[in-house]
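Chain naming follows the written order as A, B, C, D and E, and within any one chain the residues start at number 1.
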Amino acid sequence: MTPFTDTLPDKRARISVTSYDAAHIDETPDCLPGQALARARAHRVGWIRVKGLEDVNALNALGHALEIHPLALEDIHHPDQRPKVDVYDHGVLITLRTLRTHRPESGRGPGLEAVSEQLAMVLGDPVLTTFLERRDDELFESLQERLRDEQSFTRKQGVDYLAYRLMDIVVDQYFQVLEAFGEELDALSDGLTREQPDPALMKRIQGVKAEMMTLRRAVWPLREVVGSLQRGDSALISEQTRVYLRDLQDHLTYVAETIDTYREMIAGMLDIYLSQINFRINQQIKVMTIIATIFMPLSFIAGVYGMNFHYMPELYWRFGYPAVWLVMIAMTAGMLIWFRAKRWF
Amino acid sequence: MTPFTDTLPDKRARISVTSYDAAHIDETPDCLPGQALARARAHRVGWIRVKGLEDVNALNALGHALEIHPLALEDIHHPDQRPKVDVYDHGVLITLRTLRTHRPESGRGPGLEAVSEQLAMVLGDPVLTTFLERRDDELFESLQERLRDEQSFTRKQGVDYLAYRLMDIVVDQYFQVLEAFGEELDALSDGLTREQPDPALMKRIQGVKAEMMTLRRAVWPLREVVGSLQRGDSALISEQTRVYLRDLQDHLTYVAETIDTYREMIAGMLDIYLSQINFRINQQIKVMTIIATIFMPLSFIAGVYGMNFHYMPELYWRFGYPAVWLVMIAMTAGMLIWFRAKRWF
Amino acid sequence: MTPFTDTLPDKRARISVTSYDAAHIDETPDCLPGQALARARAHRVGWIRVKGLEDVNALNALGHALEIHPLALEDIHHPDQRPKVDVYDHGVLITLRTLRTHRPESGRGPGLEAVSEQLAMVLGDPVLTTFLERRDDELFESLQERLRDEQSFTRKQGVDYLAYRLMDIVVDQYFQVLEAFGEELDALSDGLTREQPDPALMKRIQGVKAEMMTLRRAVWPLREVVGSLQRGDSALISEQTRVYLRDLQDHLTYVAETIDTYREMIAGMLDIYLSQINFRINQQIKVMTIIATIFMPLSFIAGVYGMNFHYMPELYWRFGYPAVWLVMIAMTAGMLIWFRAKRWF
Amino acid sequence: MTPFTDTLPDKRARISVTSYDAAHIDETPDCLPGQALARARAHRVGWIRVKGLEDVNALNALGHALEIHPLALEDIHHPDQRPKVDVYDHGVLITLRTLRTHRPESGRGPGLEAVSEQLAMVLGDPVLTTFLERRDDELFESLQERLRDEQSFTRKQGVDYLAYRLMDIVVDQYFQVLEAFGEELDALSDGLTREQPDPALMKRIQGVKAEMMTLRRAVWPLREVVGSLQRGDSALISEQTRVYLRDLQDHLTYVAETIDTYREMIAGMLDIYLSQINFRINQQIKVMTIIATIFMPLSFIAGVYGMNFHYMPELYWRFGYPAVWLVMIAMTAGMLIWFRAKRWF
Amino acid sequence: MTPFTDTLPDKRARISVTSYDAAHIDETPDCLPGQALARARAHRVGWIRVKGLEDVNALNALGHALEIHPLALEDIHHPDQRPKVDVYDHGVLITLRTLRTHRPESGRGPGLEAVSEQLAMVLGDPVLTTFLERRDDELFESLQERLRDEQSFTRKQGVDYLAYRLMDIVVDQYFQVLEAFGEELDALSDGLTREQPDPALMKRIQGVKAEMMTLRRAVWPLREVVGSLQRGDSALISEQTRVYLRDLQDHLTYVAETIDTYREMIAGMLDIYLSQINFRINQQIKVMTIIATIFMPLSFIAGVYGMNFHYMPELYWRFGYPAVWLVMIAMTAGMLIWFRAKRWF
């Protein structure tokens, strides 16, 4: 019987611990909360990875062991935090948002969605603890892999560099998300040029605009977070790592600027959409006006000579009928010349 | 005869006093203004709750007893203050705005309204005094309840933590209000997609936009208020409580950002609404133009052969009538091909 | 012969002097410029009120007596200054703008106008001098009245508090102006909902928008002015009065935020106006399209059987006429079903 | 032979020198570059005025004599600088932009144009050198005139006050330019109200908007320039002159705010223009819809009884014809009542 | 065998070295990475020019020799950096973006494009290393040429001045790019005035707007970069060079303001485009409404007297036919007078 009997098996947090220095590395793939801290302290740097936030017991046990402030623990529990950094007595809480793109199957939706989840990190000395929402998140597997390599640069660095590496992986994801949305915008822009104005297209464009808001809310505060880590006077961040954080902040600024560029592109596409609809209305009304202006008078003339008055001398003229045709042709020609002069076609 | 003879019974302020420390709690549900302070000072923390702001006598008596600055008392009287914090010699005045949602019965209004009322707090040592507009406000009943529990965390803290807890309750309300408006926006967005463009929908969307202004005016200044309390050098706020205030400020930033997101969503919905109307105009004009372009020339031809000229050779041709039908069918086919080529349908 | 022979009687500045302390008050209703200063210095606080700015001689005489800097005197002369505070060697010049609403009689104008005039104050020790544009301005009469009451709080305070009181009266006016515009906006909003789209309404809305600019230009700089007085290190402003100035600044912030709210409301009303016009166009085109789509084909059929060809077999069928009616009714029904399916009505 | 043989006579810079103190004034209307400095140093304040920037030789000679930094000289040469102040070892370079209005003769243009030219000043001790683009610029003639008056306030002040006076003259010009554009806007606003919507009017409004950009680019940076001169710690600017610079900065703030007000007015006018076009479309479509809705059914009925079927019993009824008229009148009345009920007219 | 055997010949970086002081200059047109540093240190100032960023080996070798930080080297490798300045232990990394205009051949594109490439500079003492993306970039050839001239000002200055000169060349390019876009905007504006509203024009205008974003992203951060170099306390930048950097920053501010002006112009052009389409719709509907309003009633009257009722007394009147003509002419005249009164034409 495990101490988690009151937790459903598929909601149990998955805790794994890695501890390493340049020469050693110990991995504990499935660790009990009570043992995590001890194992993490085995070597110079300890990394406790927690996946799944619904297991209240495990989180509380870990929080107690790591002396995490109740408010910090609450923020970790509720995965809707905006990115922030909070300095507590026994560590620094950093929350950020991972981003993935997701294309829903039903075609009626916004086309491409940005899925945002929370990553919380408690940076202590010498242990970094990370909390991810999903139990099957594989975000950090590749880093885990590379840590096993003794030549890996990270192995030779402290716990602050490990925190930087994790944030760097998240920001690299942002670039992929941006690229996906850039392609989506290109496709929408092509559609706008080729196809008929279509409210569905309009709605997809507005959908991308909404996703850009999601991205902004992940990226902008994170830039401040990294900036305050880099400039701050926390003894946990070494001078050497600050250089890397500055680089990370540059990347985030680039991402933020690209989001703004996309937003401007979307605003331009909405303008194009509206002006295209108005242009089409213009074209259609032009056709109708020309047709009406030509045929209404003609039909009127035909109507006049369709009247049944007994005394209508024209009807008995020898060339009455051809004369009417001549008049009608002249009127049509006059109209066409007038339209031409006004450059209607 | 009570000292309140000149106050209508239903306008009398309701004053209750709670005084507690970790071990004791005394509650006085209906207290005279002159006795409130003495009772509040019974234990480590005192909380004087005043409901109803129309009872000038009671407010003045309390203000005199608590040495509240005349300007602060005036701000408490006039429940339209923007959230602010003012430091006086004998205490800190904090005003903030509670928010509730209200759905008016008559369907012609803005659909969902945000009702904002004033909460004024005078934070002294060791007494916190709170002023609410409505005599039947039950905003803090649950906290009152929990205070009776000796295990309650608040019982062990000072008066500054009590003030934080009250602000926290107000901000929790904001989240509920946001959620209600989020659902309203979803409903409106669905309506926009499914239904005909309808000015009533437009007016409801604009109504939500106006409510967002109300929310902004409650939330943005409060963020500054909490920030200045947290960073300020007031001796009334302990180091420990500042950590909680920082957390509260994070929540307020989240609320403020969500309001801005809603405002962008509303702007997008208005764009969609306008483009849908234009799209419908486009569709209708297209139908009319096609009909007019096809039938006006046809009617003209029919009109020509309805003329009563004596000398119209076509009328006597053996196949005149079928020939006219052929011409008309050919013209219609030509038009349809032309419209098709221009991708009008 | 007065020394003002070169000034038209109705342009002469009206100068009155009040001097008071807690126990005494002397009022000189109509004072010569040369005597004003002496009389103002009779008691602890002196207040020289000047109404009418066209009397150059009087202003220069006063300016000389009060040692007002030439630039300050020039600013007082030209009543178009933006609100500002300038510290000179012998006093502080504060300019602000009074606001009143005015409803022009001719209905074609902007409906409700904000009239803005200049109030200049030279704050010295112990004399405050105020300059108003109009000779018949009664802005400060009520304060003058209350000063006569020995119990008045102002009587017990210094000259800086008097300056605060005057600014407070001006800002109270702002609230009245705001309220008047709030009612105007409500009326316009009702009109927008009830009536036909009307360019006159549009113009009135735009007029209110322009007035909001006038208000902004009066209020925003004044907030800075009051802020700099409150925070500044001028020895003229006592610590006690700074508390009142802080309160005044809060009021100004409230006014400024309300102006911004009104501006957003106006923007929303313009959106509603435009979308209502577009909605009406949509409705009208729908009616016309339905009518045209139904009757153009019908008229064409009638036209066909109105042709006079000799060989038209249908004309001689026994049930030709009822058959045509059947066809026409069927076509109309089909159209109506099609429109219904497309939810055009 | 002058030393300017390689300069075309009409491109030669015109250099004049004025040197004065309270008691003396010497003027040299046409001075050689090499002699300018010596003459300028004759009395307490020297003012070298250069008009025409194409004369490279003269500028270089002067620049060498005055020890102007090569970069400053380059800025003077290229009259496209934005307003700025640059402190060099041997003086301060101030560039600003003069503004005049110009109304092009051909009516197709933007109506009223703002012409902007560069004024460069090198403020040294005790010599101020000014550079104007045009050889016939008379901007400072009136000041030159007034300097000859021994009572002139400027005569008693230092070189820094002279620099202030020149900037003040330029800013006074701004007020005139603003006034001209204010009148232009009033005229355009009247035209908008009275006349038909006209694209030419729209283009003139957009033209004024573009000119406002020109004004902004002249005024906004100048405000910073004056502000930095006023606050700066340059020993060249005396305490007394700083007061005047502060006043100048207030004027510039007023100008900048007026420009922004004009920009808002223009935005409002564009909104009015668009809504007026839409309103007219609305009106026209209403007329057409009413006409079509009434006459299309009527014409259809007339068409029915114009058919030539042999068996149409109605045609032989005694009161068939009046009955049809009754039906048609009833239909028309019904339509009109319906339109009235929908408030279409 | 060169050490670059694993690099394709056309991807090999081209490295050239120039070393100079006032008296000497040595140029090595094609240098091996390992020898570059030694040659660059021959005289007071060394300049290593690298063209082509795909040659990883060469870059790494150079980076090792110059002790460039790995992060800096990575930034140099990835030519998408936003302009920035990073101070490392052994030098300052400055990245900026060169700009050229490019007009694509196919007419369907945005017309004029801005091509942006990366220029990275590592400023050390006494060696400046520059990295350009393209192997055939001739951006700095003219400067190389002028360095050979012993009289060249640059020859007498330090390595910081060389860095300034390179940045100055890049900024001069910006002016050319701005000028090209200014001409493009003039051409588009002319097209807008002369031609029919055309969606292709609209798309070209939007294209220029997008290019303005590209320019902004190159220019705005560079302004900060130059500002931080100028104000910073890096010992690498001499006091004298700071004056030049300040001038460069002024140029960048001018460029940035011009970009904003262009953006406003584009916004104005889009407004004009939309209002022109609406104006044309207005004109066309007016024509159609007039035609329909005149001819529909006329056709109806003709239709009435085309009916075949046996009992229609008017048909047998002697002057029935002329009377109908009179009625129709009177109706037409009435309509025209009504339209005239409503100023429809």
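Methods note: a residue touches a chain if its C-beta (ideal position, glycine included) is under 8 Å from a C-beta of that chain, and two chains touch if they have at least 3 such contacts.
What you see is a predicted model, and the numbers here were worked out from it, not measured in a lab.
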item: Any chain that touches chain D and chain C; value: none
item: Other chains in touch with both chain B and chain C; value: none
item: Type of chain A:chain E copy interface by residue overlap (half), same or different; value: different
item: Distance from chain E to chain B - Cα centre to Cα centre, in angstrom; value: 42
item: CA centroid of chain A to CA centroid of chain B, Å; value: 26
item: Junction residues of chain C, two or more chains touched; value: 274, 278, 281, 285, 288, 292, 296, 299, 303, 306-308, 312
item: Chain-level touch network, classified as line, ring, star, complete or other; value: ring
item: Order of the ring members, counted from chain B so that chain C is second; value: B, C, D, E, A
item: Interface residues, chain D side, partner chain E - complex; value: 69, 71, 75, 80-82, 84, 86, 88, 196-197, 199, 202-203, 206, 209-210, 213, 217, 270, 273-274, 277-278, 280-281, 284-285, 287-288, 291-292, 295-296, 298-299, 302-303, 305-308, 312, 314-321, 324
item: Footprint of chain E on chain A - complex, ascending; value: 193, 243-244, 246-247, 250, 253-254, 257, 261, 264-265, 268, 271-272, 274-276, 278-279, 281-282, 285-286, 288-289, 292-293, 296-297, 299-300, 303-304, 306-312, 343-344
